[in-house]
Structure formats: structure tokens, C-alpha cells
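Next up: some structures, all given as C-alpha cells.
Across the two complexes that follow, chain A remains constant while its partner is chain B and subsequently chain C.
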Partner chain A sequence: MNKDIGSLFKGKIAIAIFSFLFVVMFQVIASHGVHAQEADEMVQYRNFFGIDARLVVWIVSELHLMFAAFVLGVPMFAVTVEIIGAKSGDIRFDNLAREFTKLLSAAFATTAAMGGLLAFCLYGLYPGFMRYMTDVFHPIMFVYALLFFAEAFCLYGYYYSWDILKEKGKWFHIFLGIMLNVFGTTLMFLANSWATFMMSPSGIDLETGALTSLHAAFENFLWMPVNIHRLIANVAFGGFVVGAYAAVKFMGAKSDEDKAHYDWMGYIGNFIGLAALIPLPFAGYYLGREIYSASPVMGNIMMGGAFSWTFIIQAILIGMLFIGGNYYLWNGMDRIEGAERYRKFIIFINVIIFFCFAVWLTPHNLPLSGEERALIGEQYHPFSKFFGVMAAKNAVVNLLILSTFFSFLIYRRANKGEILPFSKHGNSARIALIITAGLTILYLVWYALGLSHLELEADVKQYVSPLIKCLIIQITAIVITILLTFSNRGKFAQVFLLIVTSLIAVVYLAYYGFVVMEKANMVLRFLSVTQVSVVISCLIVTAVLDVFIFKNAKEVGQIRWGKIPLRSQYALLLLCVAIVTLMGLMGFIRSGLRMNWHIYGYMQDTSDGAFTPSIAYMGWTTTLIVVLFLALVSFVFWLAGLGEKKKEKTA
Partner chain B sequence: MASFGKSVIFTLLVLGFFVYVCFYVTGLSGGSGGGEAKGVNPEAGEQIFWGDGQCSTCHSIGSQGSATRGPNQEGLAAKAEERAKERGLSSGLEYLIESIVTPGEYVVQGFDNIMPKVYEAPILLGREQIMAVLSYLQTLGGDADIAAINKFKDKIPEASKKKVIPFVPPIEVDPAEGEKIFFDDTREVTCSKCHMVGGKGAKVGPDLTGIGAVQTPQYLIESILKPSQVIVNGFETMYLITTDGMAYNGIVQSQTEEEVVLLVDEEGEIAEYVFYPDEIEQMQKQDISIMPGNFGDLLTTKEFYGILSYLLSLK
Partner chain C sequence: MAKKKDSYSMIWAILSIIVVFVIIKFVSPYVFKILLKKDHAMPTPSTLMLWYMILGVLGALVYVSTSDLKWASFLSFMLPTEDDKTKKLLQKMIVIAFPLLLGWFVYSGTVPGTASPVELRIQHPTLLQKYEKMENPYSHVSEDLKLKYIEEGKILYQHNCRPCHGSKADGNGPFANAFRLRPINFTDPGTIGTVVESFAFWRIMEGGPGLPDGSTPWDSAMPAWEGTLTDEQVWKIIMGEYATAGVVPRQREEME
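And then the complex of A and B:
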């Protein structure tokens, strides 16, 4: 047994090191080749056996990104689950964390191989462009390679030392897992700087291309927004892919024990995916806003030009995620005794979610024929035109998130009955709540102060003061919520905070959004952040509150893991396919925004592939990428499961 | 294994729906769909027309597209033959080539000389791409004739090799500041009270969405400082005298047999007036734009270049 593990371990390390050496060797050869050509004629572009180079790089880089997202997202919740297991002493959590890591370990070598393939493709097919990128970033490329070693050692150390460190050294094992996350995240941040440099180059002379500051090139304008967006998206991605793995296993499970295990795993995967999905629109909004700030031209291409229609497709995929996530939760209530008390709410949440989805989907500028325009009398539809603008879309996104959160709250309390008075939870609960509320309030105060100190003309600034008032009301509502909870009225406090938040973020700020669009358009960006801040503060305080309110609550029924309708597993599959497709779509948008530039504003793409593909073409290519990724990941997971089958047979 | 098979079928169904939506959206947005078309053929030309060529920023085809800046190209093949005869050219194709290569040579009545040379920056179409567009235009009421297009190959220039040097204002300005001024309704005169960008603003004057892709800085400078120099078709000032002797200067928002709706500038505010046929004594198009001609006085140099940079960024 030990010999098997040892040889497998060595094999995987060997693959990783081989991939790395291959990349380095290829870089040396490629750069040597390029220098040799300088005397003759520099080759700028090649194709791949007659296939368009752009298409090859598109597919390989997306596949690499998807595997990378998985191997970066999963360790975050694997370690978290392990910590929960270590703290609670519940072996189920430890086993789950180990199963996550088994998948991770299998996917890691594929990620490395894909990385190597991507490097080959880039250096081989775009030699001129890559020579320049290497000139600028070569010191960071070496750091990247070294960190890759560190990540590989931590991952395999983490996975293969599970049994050895189980009894003595659990926390050292957790430390290894944390370091795995630290190295993995740093790797992603390094690679992100190359991609964002291409979108918002800095630290170079835009005329000559000469490097003026490596630090500025690395920490370019879009670097941090992309980092934040990718970090959160990777967690959602990992959660939903794990959920789908559990769904397939559940559907094929023979024993009740297996069904229960994979049902639970699917639930955890969905929970992680949804938890990460909730802040994702905010991170996306931040990224979009920063793209506008980095380059208004790029911003217009994104929201008003060639890529504006892709956001309709994005809305459909995000709608699938929210609807699928909620549908799974509602189905999950079937396995919980006592959940019938809350079923009546589902129909209302359903209506709200579909309404939000419809508004999100409605374009401002309908494609109308001349006759239709004449019939309506203007370019815009008299009613739907209001749904197409940011004020309406921001409101429904926040309502969608609050509704999903509400779904989760009723799921959590489905089998809970009488709760203990809050005072019974002791000082630790009181302190935890005060710290949570305090930090949240601190953030709201900080943002309100920022708004009050904005340097704007008096005519525009008057439209900012209602936002400050909204923040003050929210702060007051949080204080009242805490006081109500301390008076043992925690459930009422939650409802109170949710209502106040909805009234501010969804009702009032939606209306006010139209006012500022009309009167002082630039205030809309502050309004959006205010909306987000109010909603996030509510989610944080209510979630922490929920944990304590229902701590040690009387259970009115059992959770019968494994007794979930089969249809719910298709919801998990839908979530996985939707998030993988979404990642493919967003990769296309982010990269395509540069239009015919390799490095925006400095190096033009003069290859045959330098055109913006139609959405239909993007659809086919993304579908191909998704199919390839799911096929590869299924194969890798199947390989990872072979050892288990062998063990079962031996037993 | 059966469960895995069902999962695969379900996944393929979801992906099938995704592809369907992509095709549907492509149809709505005016693209041709079906993948990357290359070479000289109508399929590639159609894709360029609605995509990189940015032709659809100014031209519609029948009910497809919504641009009115340039002529609607429905039935273009027949129109091209007529205009070729009118201009003494050998064929409709030659007329089409002339329209693209030297667009100022002949301007369709009722429209303005605003078409850019598509082989120059910022559009930069190559010879093959222009030939593809020509083959597509031939199909609008006729048949594509690639062999004939090839005969004119030498008359069609390659994409300009001149390095794309973006317009640099003489002073440092921020397009974001320009955007702010464009939409700032607290000013004496606000651009967005008459012009729309990305669905925001009013439609009294031409929609400026994507204007940076089709117009040069020089044209925009002239349009801001001397608005009457070139008045976009459909936005001419109308002088209207009523039967009771009142005179109005404004832009016709709509004109039917039942009524004429005129947008009139009243000290910076746009008022809408409805006139019935029995109230109208006389209507006459004017050569003077309703747009104020004193922007040189109303804007500081920095504000002026800020707005200009913002407009140029709208691509």
C-alpha cells in the first residue's frame, strides 16, 4: 500500500517537474530561435497545422484556466471543512475534506500539463508577442515557476500525509493546507498580472514599448479587480463542480450509506458555490467599473458596443445558477422533517426570482423593425425601457441575492423548533455578535464618510446626501437588530433587518436610481456601491445572527441524508454546466475587449485571427471547451476513483 | 453507468440550449453567425458589415439594424446600377467600389458626406475584407459576382500601414471628465439634452453612440464649434409659420398627415410643439442647425477637449 502511494506520489511530482522543465526548455529554445531569426525576418505568427492560432490558444487557455480554477478553489473549502472537522471532532467532515483533496490531487497534474501546453502554444504560435511579454515579465516568470514547485510540494504533502498526521499533527496538516492556498493564490495573482497588463498596460512607454517600471507593469490598473473577481469565482466554480461530481455519484450509488454521503457532499458543494456566487455580482460590478475607468473605449465596447449582447447570455447563465441553486435547496427540504412549515414561502420566492431574471434579461434598446418602431412611436418600449437601465438591474440583482439568502435561511431552520433565549448562549455569542455588527458598521461609516467628502460640484453633490442617509438608516437598523437580539427577539430582529434592507436597497434606491440617472448620472456609481454595502451588511449580520439564534435549538425532525428527489441532482448538474459555461463566456469577453490589440494601445494584433468572432461562433467554441473540460475532468475523476475500487475489491 | 449516461445527455441538452441562445442573440444583434467566415464571399462580407467593418453604425438593411446616418441598403444592387448609369460608370459594382474607396465622390441625395475610408484607421479593413463586403452588397437585391470583383482588385487599396496614433489633445484631458460635462444638466447648455449616448440622453439631435468609430477628430471639432457646417440628415432646422402668424424654429420629431411635432429650443430647454395641418401656414428647411453655435464661448479649452476625447472614445 505504502509502496503504491509512494510511487504514485513520485509519478505525479515527476509529471509536475517534467512539465515545468519542458516549459523552461521551450522558453529557452523559443527565445534562441527568435534571436536567430532576427538576422533574417522575425516570425510574428504561426498557425497550428492549418488551424487558426487564436482558436488553439483560446481553447487551451480556457481549459487551463478551468482546471486552475478548480485546483485553486477546492483547497480553500477543503481546508475549511477540515478545520470544522478538527474543531467539532466529526469524522465526516474530515472524510469529506479528504475526498475533495483526492479530486484536487488528480486534477493538479492535468492543470500543470495544460499550463505547459498553453506555454507551447503561446511561444510557438505568437513568438513576437511572447518575446515582448518575456522581456517585460521574465523576473516574475521565474518566481512563478518556483512558486509552482512550492504549491506542488504542499499539495502532495497535504494529500499524502493525511493518515500520518491524523492523530498527532492535525494542525500541522491544516497548516500545510493553508500554505497550499497561499501559494496557489499567489500563483494566480502573478499570472493575472500578465493578462491584465494586456488590457491596461502600465510601466511601459506606449510608443516604444520600453519597460519603465516592472512594478507598475505588474501592479497594473486592472490587476486587483481581476484578482478579486477570479478568487471568488474560483470558489463558486470549485463548489459547483464538486456538487456535480457528488450528483453523478449519488445517481449511481447502490447503498443508502453511499447515497447519504454523496447527498451531503452535493449539499456542501452547492452551499459553497452559492455562498461564493452571492458576492460575485458585486465583484463583477467592481471589475466592470474599473474597466470603464481604465479605458472608456474598452468600457463602451463592453457595455454599449460589440460585447453588449454577450451580457444577455451572461444574464441567462447567472439566472440558471440562481434558479438552479434555489431549486436544489427547495428539493433538499424534502429530506428534512418539519420543512413543510416553510413551503408556503417557496412560491413567492419563485415568483420574485423569475421576475428579477426577466428584468435582468431585458435590454434597454430593443431590436425593432421600422414598422414596430412606428407602432410604438419611439425606439424604446414604453414600459420595458425602464427595465433595461442600470437602476433597475442593480435593484433586481440585490433582490435576487436577498431572495436566495432568504431561501437559505428557511432551509437552515427547516427542522428547527423552539430556540433558546439568546442570553443562554453566553458572553461569547454576545461578543461575536458585537464584533460582527461593529465591523460591519465601521465599514458603512467609512463609506458614508467617503461620500460626504467627495469633491463634487454643489449641484451634483446634493444627490449624494440621500445615499448617506440610507447608510445611516442601515447602521441604525443594525444597532436595533442587535438590541432586539439581546432582548431575546432574534427571529424578529432578522425579519426587521431584512425588511429595512429591502426597503432601502431594492425599493428606495431603485426609484432613486432613476432620479440620479435623470439629474446627475455620475452619482449612479455611488448609488450602486451604497446598494451593495447595505445588502452585504444585512447578509453578514443576519447570517451570524442565524448561527447563534438556532444554536442548540430543539429539532422537530431529522435530516434524512440520501432521501432527496432524484430531480434535485439534475439541478446540481445544471449548476456545474452553467458555471463552466459562464467561465468560458466571461473569458471570451475579458480577452475580446482588447479587440485587435495584443497589448491594448501598444501592440496591435495583425494576425489573421484578429477579428471579433460572432456570438454564434463564440457559442460553438465555448461549448466545445465546456465539453472538453467536462470530459477531461470526468476522466481524471474516474482515474482517481480507480484506487478506491481496488480497495473495495480487496476488502 | 446509466446514471453517467443520463448526466451526459442532460449536459448536452443544457449546452444545446446555450448554443441556441447564442445563435438567437446573433440574429438579433445583426451578426451573421455560423462561425468565422473568411475569403471573398457574401458570408464573410455580411460578417464584416455587421462586425469589424462597423458599416452597421450608419447603415441599416431593410428592417435589420436601426442606423439612419447613412442610406438604408435594402435593394442596393438595383440602386447601384441606376447610380452607375447616372455617373457614367461601367457597372453597379464599379459604383459600389467608388462609394467605398472614395466615398466623397458621390453622396446620395439627402445624406451627408460623412462616410470614412474604411481601409484607414480606425476601421482598417484589408483589401480582401472590402472585396468580401462588396460581394455581400451585391446580394442585396442581386447576385454576388466574385469574378467581377476580382477584376477590380487593383482599384481596392490594402489596409493603411500607417501606425495608429490615437488623437492626442494639445492639453492633458480626461475622457471621463468629458463624459461628466456631456451629461451635466446643471450647465447652461448640456449635450445630453439633445444627444444620446448608449441609450442615455435625448434624441433631439443625432445619436452619438459609436461616433468615435466613424468620425475623425476634425469632423467632431467642426461639429461642436460650427454645427451648421454639416447637418446630419433628418436633423435640419425647420422654420414653421402658423396661420395665426407665430414662427417657430425647431427639429421635426415626427411628421404625419395628422400632425407635425416640432422640438423647439427655448432658452436651453427643449419644448415639444404639436401642430395640426390646418394650423400650419408654411414650413421650410433651414441651413442653420438648432445646435447652439457658441460652444467656443460656453466651454473652456479643457472642457472642449474633454468632450472631444470622450466622443472619440465612443467606438
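And then the complex of A and C:
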């Protein structure tokens, strides 16, 4: 154990020294540039040894954000897995949580070093802009630094006290893990406010820049949408990166025991990644809508203007994530005895997923040659006219989510046989189900009431009432589902709810989306939220139902952990590359939407690098960032594993 | 039977891909012709053709590799066989067709041709900052006055915009066929319905010459109306244009 810790420290010391040298070198080079400039004038911009300052900050900030996403996402599920282990008494969960934390601990030092490097880059290369940001946010910057200490203490306390608190202080240990999450998340929220302030500034005078309210500057308009989006995305990111780590370890494992362990770890990683990926499009939609509210210019640039083609790339990456996640589950069924009963569904899910991908991918404005345009005879081909708009895209993304959820359901029940009647699960199951359904219904009622009280013109408002009816039908369907479950028809109830949800959210609302697009496009924003609410309510109720229905069900076969086809492990690697690329791309879009503004509407970026990059330039830079991150993270994980190798050799 | 079906999974996969190709290439143009009541077929653009076919091939490959058994039976189709004559014939067809198909791809991609280049258009060019906060001065007037301005706007629209955008705002004006890039069909809810009024104001005022570089300005024949029409006239035209097309402008969302 001591040797293990020793090696870990050596690894971190190596990273710290490396980072320190890099920072010193950077400072020397950057300061060299200062002498070259006029001494009297306040320097606004510098470059990094001839390299564009924007490019340097772009790369460093993305790398910092990617490591930070990992460091913030992993503790959430590490603690959850530990709690499951503590409640169930299954040591495997505890070991898994520990392995997650080992990776976390290794990545933490790099995140901090990257953060330091980013701060130096910003202060060194954009002194004028950072002077202003410091003037506005310096009180929060101190809090940020203090919280960083708290996070570091919690993390090291959490990792190194694992053995000491294993027997008697398990719940205190879990408490440490929860505090690690609290401090980490707060830290991210603080830093988010700086980034979103640059997009939607408030609390300042937009003419003079004078600070009028620090609170308003901190809690600016886009702050919460970005917080929510990043929080969920971090979990997905952490899950898929952990999945890839497990895949690499699985492929290199020699013993059956190791293969079984890493197979299971990969499954958990993929499960976490997919579970977080499901609500992510909704959070993304919310963020996009709020960006449009903050500024129609940014909204237009994003979805219809200079950045619209990056969203096609985003669609490809999201499609890859859903396909990869499903592919992994389907291959995983190979190692489950009894799964053959459900294999017949795969072909249908596969067709649906690829169809959804095709629609999701189709742009509204297609690249057409002059001859093609002449043959079509109008600006839009019907495929792009009908598939390229939000009404269709919302419908297919919901169908994609429902299909992936269905894949997961059949995976879960693959080795399950006869189930117990629901009444046998006792009152606790009934109460849990009633609470779940009750809360879900409460939310749907709240949203329906909100819709009915909207202050809209009469000719627009008439288009809102079908949405309210959809919500009422869904509430009724949930009640019927619960009643069917109580009368021991749980499996049928699940199918019933899935069908009703698909009919409302996919079939009817897709059609109705086109109607409101034509008649009252303002209603489209409420339609999208209705669609999301209906689907999410179905997912929550069906998932909780599934847990109870298959509780203590007879097993028709074993799960042969470690006997999964190698192809599935490549799928895990693909998922990791896709999510890292996606984060790099979306980070660029979020930041790039400001175009030539440091602080949108107040401080313009007058540096040489203020241009909006072409898609090719963005592609090359994002690829470089992805390669750098994957190389760095592999190096850090390799360092974290050195202790283990030594231990194995000694043994 | 099931075993036979499994051992022919490569053929099933190829057939599925062919079916997808036939639907997209040959069936859909006529389906759209009938459904949309057009007088000509609507051929699928080459970009979409390529994307959908890539997805089709990928979908087939994903399905045949969802288990070790499926993957093995997919690949084993190409193993030598003694007694199955159909299989032998199909194997030969694949061995001949695959390189031919690949060769055709290479040839068609590299042979010099006279086709005009495919253009990557931007749907909504970036609205200039000065127009962002601009609001229609007539949006808060009384209903009666609003109706009056809409009527005035409709007349102004017919005088100035009809030749290209058509009397019904459907992009079918008398001059429409003369342009390489047809005038926008405003009745399509994916056009002016998706932008705020100030966006329409900018496009009318600055027209094609005012488009940013990324929006291929040489394509649009839209004239700049600034200096010809007054601001008030343009706002009225916008009101009349939306009313004629039967769509409503995008509403700004309230910042809570």
C-alpha cells in the first residue's frame, strides 16, 4: 500500500515539475514579448513566441476543461457506487469505487496544473481583458482558490483514508466523498459564471464597464443553463472515459479474474455514460434556447449561421455515441445466458436508431450543385425541408432516447426468468412506486398549468391546448401503468407506457410540430418542452418499475463476465473518442459564438486572432486537442498504474 | 431454415443496402412528386445520397456484428463450399462486383466533368450587431392601426417585392425563373418564420451586397433597398410580407 502511494506521489511530483517548468518557460517567453512592445502603453495583447494567443488559450482551456470534466464527473458516480457497496455489502462495488478514485486522484494534479497554466496564459496573453475580469470578479476568485483547497483536502482525505475508514467509519468516508462533490461542483459553478458573463454580461454598465452589481454579474443569464449542461455532460464524459480505461485494461488482462473485473467496469462506465447522455440533449436544448433569448444574433449564428455546420458534426458525434452505446449493450448480451430470447428486437432497434440518425443528420440547407438545384426546382429538397427542421429533429432524438432505453431494458432482463407478483414485494415497493409516479405527475401537472396560464394572443394560444391534452393523456397513462402494476401486470404496464409515450412524443408531436411551425412557431418552444417532459416521465416511471418487477426474479442463466466479444471494447474506445471530440467541439461553439467580443456587447476583441475560424481550422485544432488530451490522460493513467505493476512483480 | 438464413446473412446485408439505395435513389423522387403534387420528380441530392448510403452500410455492419455467432456466420459466407451451388454463384458475384463497385467509385470521383461546384450555403447569415436590438416601431400600436399598416405593407410589397417573391410570397414571381438562386419562398415556415423581424429588416435594407463573405454574396440578386425605401416603409413591408405569406416572425423570448 505504501509503495502504491509512493509511486502515485512520484507520478504527481513528475507532473507537477513538468507543469512548473512549462509555466516558467512560458512566462519567460511571454515576458520577452513585453520588452518588444512600447513601454509606456498599457499592453492589451501578447502572443506566445509568434503563436497566436487565441490558439494557445483555446488549446490550454480545452485541455483544462476536459481534465476538469473528468475530475468533477467521476466523484459523482464513485461515491454512488461506494454507497451501493456499503448498502449491499458487496465488496466488488467498493473496489470499483476505489479504482475510479485512483484515476481521479491521478488526474487531479494535471487538472490543477492545467488550470494554473490557463490562468498564466490568460493573464500573460490577454492582460487588458483579464485586468477588467479581475476588477469585476476578484472577490469570487478568492473564494474559488479557497474552495480549491477544500476540494483537494477532501479528495486526498477520501482516497487515502479508504483502508482506515473501511470497517468503522464507512459512512464518514462516504460523507467525505459527498463533500468532495459539493466543493468540486461549487468550484465549477464559480468558474462558469466568468465564462457566461462573457456571453451574457449583466451587473455592469455596458457603456463604461463600471460594475453595478457583483451578484448580477455572477448570476448572469446564461449561468444556470451552462451549469446544468456541464454538470450532466461531466458525468457522461467521466463514464465514457472510465469505460475506455476499462476496455484497455480488459484487452491487456491476462487472468480471467481481471478480465471479469474490467468487463464489469466497462459495463458500469458505459451505463453511466449512457444514463447521463439521455438527458443531455434536453439540457443542450435548454441552453441553446437561452442563448437565443440572451441574443438573437448569437442564436442565429449558432443554429443557422456560421456555426450551423458544426452542429452537423455534433449530430454525427451524438449519433456515434448512441450507436456505440447500443452496440456495446447488444454485444454484451453475448455473455448473458438467456439473452437469445430478446435478440429478435435488436434488428428493429437498429433500424430505428439508424433512421433517427439519418433524420438527425439531415441539414435544412444542403450543399447543392447548380444542376441539382435546377432539377429540384426550389431551394429545399423535401428531405431537408422535412427532416432538417426542429419539429423532425426533436421527434427523432426522443425516439433515439426511447430506443436506447428499450435496449437497456432488454439487456437488464436478459437472464431473468419468472418474476414475482408485484404484491409480493410488500408495501415499500408500492410506496416507492406511488412516490415516483406522484412526483412525476406533479411535475407534468405543474407544466400543464404553466401552459394554460401563458399570456399569449388568442390566435396563438389556441395552439397550446393540444399540448395540455398530451400532458393529461400522459398523466392518465402513468396512473393506468401503476394500477396495472399493482394488479401484477407490470411487464405489460411498461410496454403500455412506452407505446403511449412514443405515440404522443414521437408520432403526434412530430406532426403537430410541423403544424405549429407553420401557424404559430412561437408554440414550438413549448412543444419541445412538452415532448421532453412526456419522455422523461416515461423513463423515470418505467425504470423504477423495472427495478421492482425484476427484484428477486428467477435467473435463467449466468452473466459470464469477461466473455464479451473484443469488438465491444473497441466500441468503448470509440465512445471515449467521440465524447472527447464532442466536448472539444461544443466548447469551441459556446465560446466562439461571441465572435469578435471578449465580453459580448461591451468589450471587443481587437487582437489579431479575433476572427471566427473556418470549419477546417476548427477541425484541425479540435483534433489536436483531442489527441493531446487522450495522450495526456493515457500517460497519467499509466503513471497511476505503476504502483500496481510493481506490487504484482513483488508478489 | 434458420441456419440457412444465418449462413446467408452477408447476402441479406447486401440486399438491405440495395433496398435502401433503391428507395432513396428511385422511389423517393416519385413519392415526393405525388405527395407534394409536383409536376416533376424530386431527385435526392448527391450529398444526402452519400450520407444515407454510408449510414445504410454502417447499419448493416453493426447488425451483423452484434454477436460472435452473427459475425462469424457473416464472414463465413465467403469460405469455400462444396455442395451449395447458389452460394458458389453468389460468392463469385461478390468477388467480381466488389472491385467493380470500388473502381466505379474511384472513377466517378476522379473523372473530369463539367458539373458546377457544390456550394456550402449558410442558412441565416450573421445578423449585424446594430440590428440586434432593433424593434418594429409599429408592433405596439393599436390593433386597428396595425391592420391599417399591414394593408399598406401588402400594397408596398406588391409594388416592390412581387416581381421576384411572387404575389403570394411563395417565391414564384414573374422574374423568379431568371435567377440562379431562386427568390425565397416566404410561405415555407423554415424561412422568415424562423427569424426575428429585425433580421428581415436587415436583409431588405442591405440585400445581397450587404451579405457577409461566408454567405456567397454573388449568389443573391436581392437589391439593397436602403435609400430607395424609408425605414417606415420597410417595416410596413415586413408586416405585409408576413401576413401575405401566412407566417409569423420569431418572437423574442423574455429574459427572466
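Quick note on the criterion: the second predicted complex is superposed on the first by the 610 of 651 C-alpha atoms of A that agree within 3 Å, B and C clash if a C-alpha of one lies under 4 Å from a C-alpha of the other, contacts with A are read in each partner's own complex, and residues count from 1 in each chain.
By definition in this document, a contact is a pair of C-beta atoms (placed from the backbone, for glycine too) under 8 Å apart; a residue touches a chain by one contact, two chains touch by 3 or more.
These numbers come from a predicted model, not from an experiment.
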{"item": "Fit or clash - chain C, chain B, common chain A", "value": "clash"}
{"item": "Which superposed partner A:Leu375 touches (first chain B, second chain C, both, neither)", "value": "second"}
{"item": "Chain B versus chain C as contact partner of A:Leu451, first or second or both or neither", "value": "neither"}
{"item": "Contacts of A:Trp309 with chain B and chain C, given as first, second, both or neither", "value": "both"}
{"item": "Touched partner set for A:Thr581, first chain B, second chain C, both or neither", "value": "first"}
{"item": "Touched partner set for A:Gly388, first chain B, second chain C, both or neither", "value": "both"}
{"item": "First (chain B), second (chain C), both or neither touched by A:Met188", "value": "neither"}
{"item": "Partner chain(s) touched by A:Trp620 [first = chain B, second = chain C, both, neither]", "value": "first"}
{"item": "Touched partner set for A:Ala276, first chain B, second chain C, both or neither", "value": "neither"}
{"item": "Touched partner set for A:Leu573, first chain B, second chain C, both or neither", "value": "first"}
{"item": "Clashing chain B stretch [against chain C; choices 222-230, 240-248 or 276-284]", "value": "222-230"}
{"item": "Residues of chain A at both interfaces, chain B in one complex, chain C in the other", "value": "293, 295-297, 300-301, 303-306, 309, 364-365, 367-371, 373, 377-380, 388-389, 460, 517, 520-522, 601"}
{"item": "Chain A-facing residues of chain C, complex", "value": "28, 32, 35-36, 38, 40, 42-48, 51-52, 55-56, 58-59, 62-63, 65-69, 71, 115-127, 129, 132, 171, 180-182, 184-185, 188-190, 193-196, 198-199, 214, 246-248, 250-255"}
{"item": "Of chain B, residues touching chain A in the complex", "value": "1-4, 6-7, 10-12, 14-15, 18-19, 21-23, 25-26, 28-36, 38, 47, 51-52, 63, 66, 124, 164, 166, 175-176, 179-180, 183-186, 197-200, 203, 209-210, 212, 254, 310, 313-315"}
{"item": "Residues of chain A touching chain C in the complex", "value": "221, 289, 292-297, 300-301, 303-306, 308-309, 323, 327, 330-331, 333-334, 343, 346-347, 350-351, 353-354, 357-358, 361-362, 364-373, 375-385, 388-389, 460, 514, 517-518, 520-522, 525, 565, 567, 595, 601"}
{"item": "Chain A residues within the chain B interface of the complex", "value": "52, 244, 247-248, 251-252, 293, 295-297, 300-301, 303-306, 309-310, 312-313, 316-317, 320, 364-365, 367-371, 373, 377-380, 388-389, 457, 459-460, 517, 519-522, 570, 573-574, 577-578, 581, 596, 601, 604, 608, 611-620, 622-623, 626-627, 630, 634"}
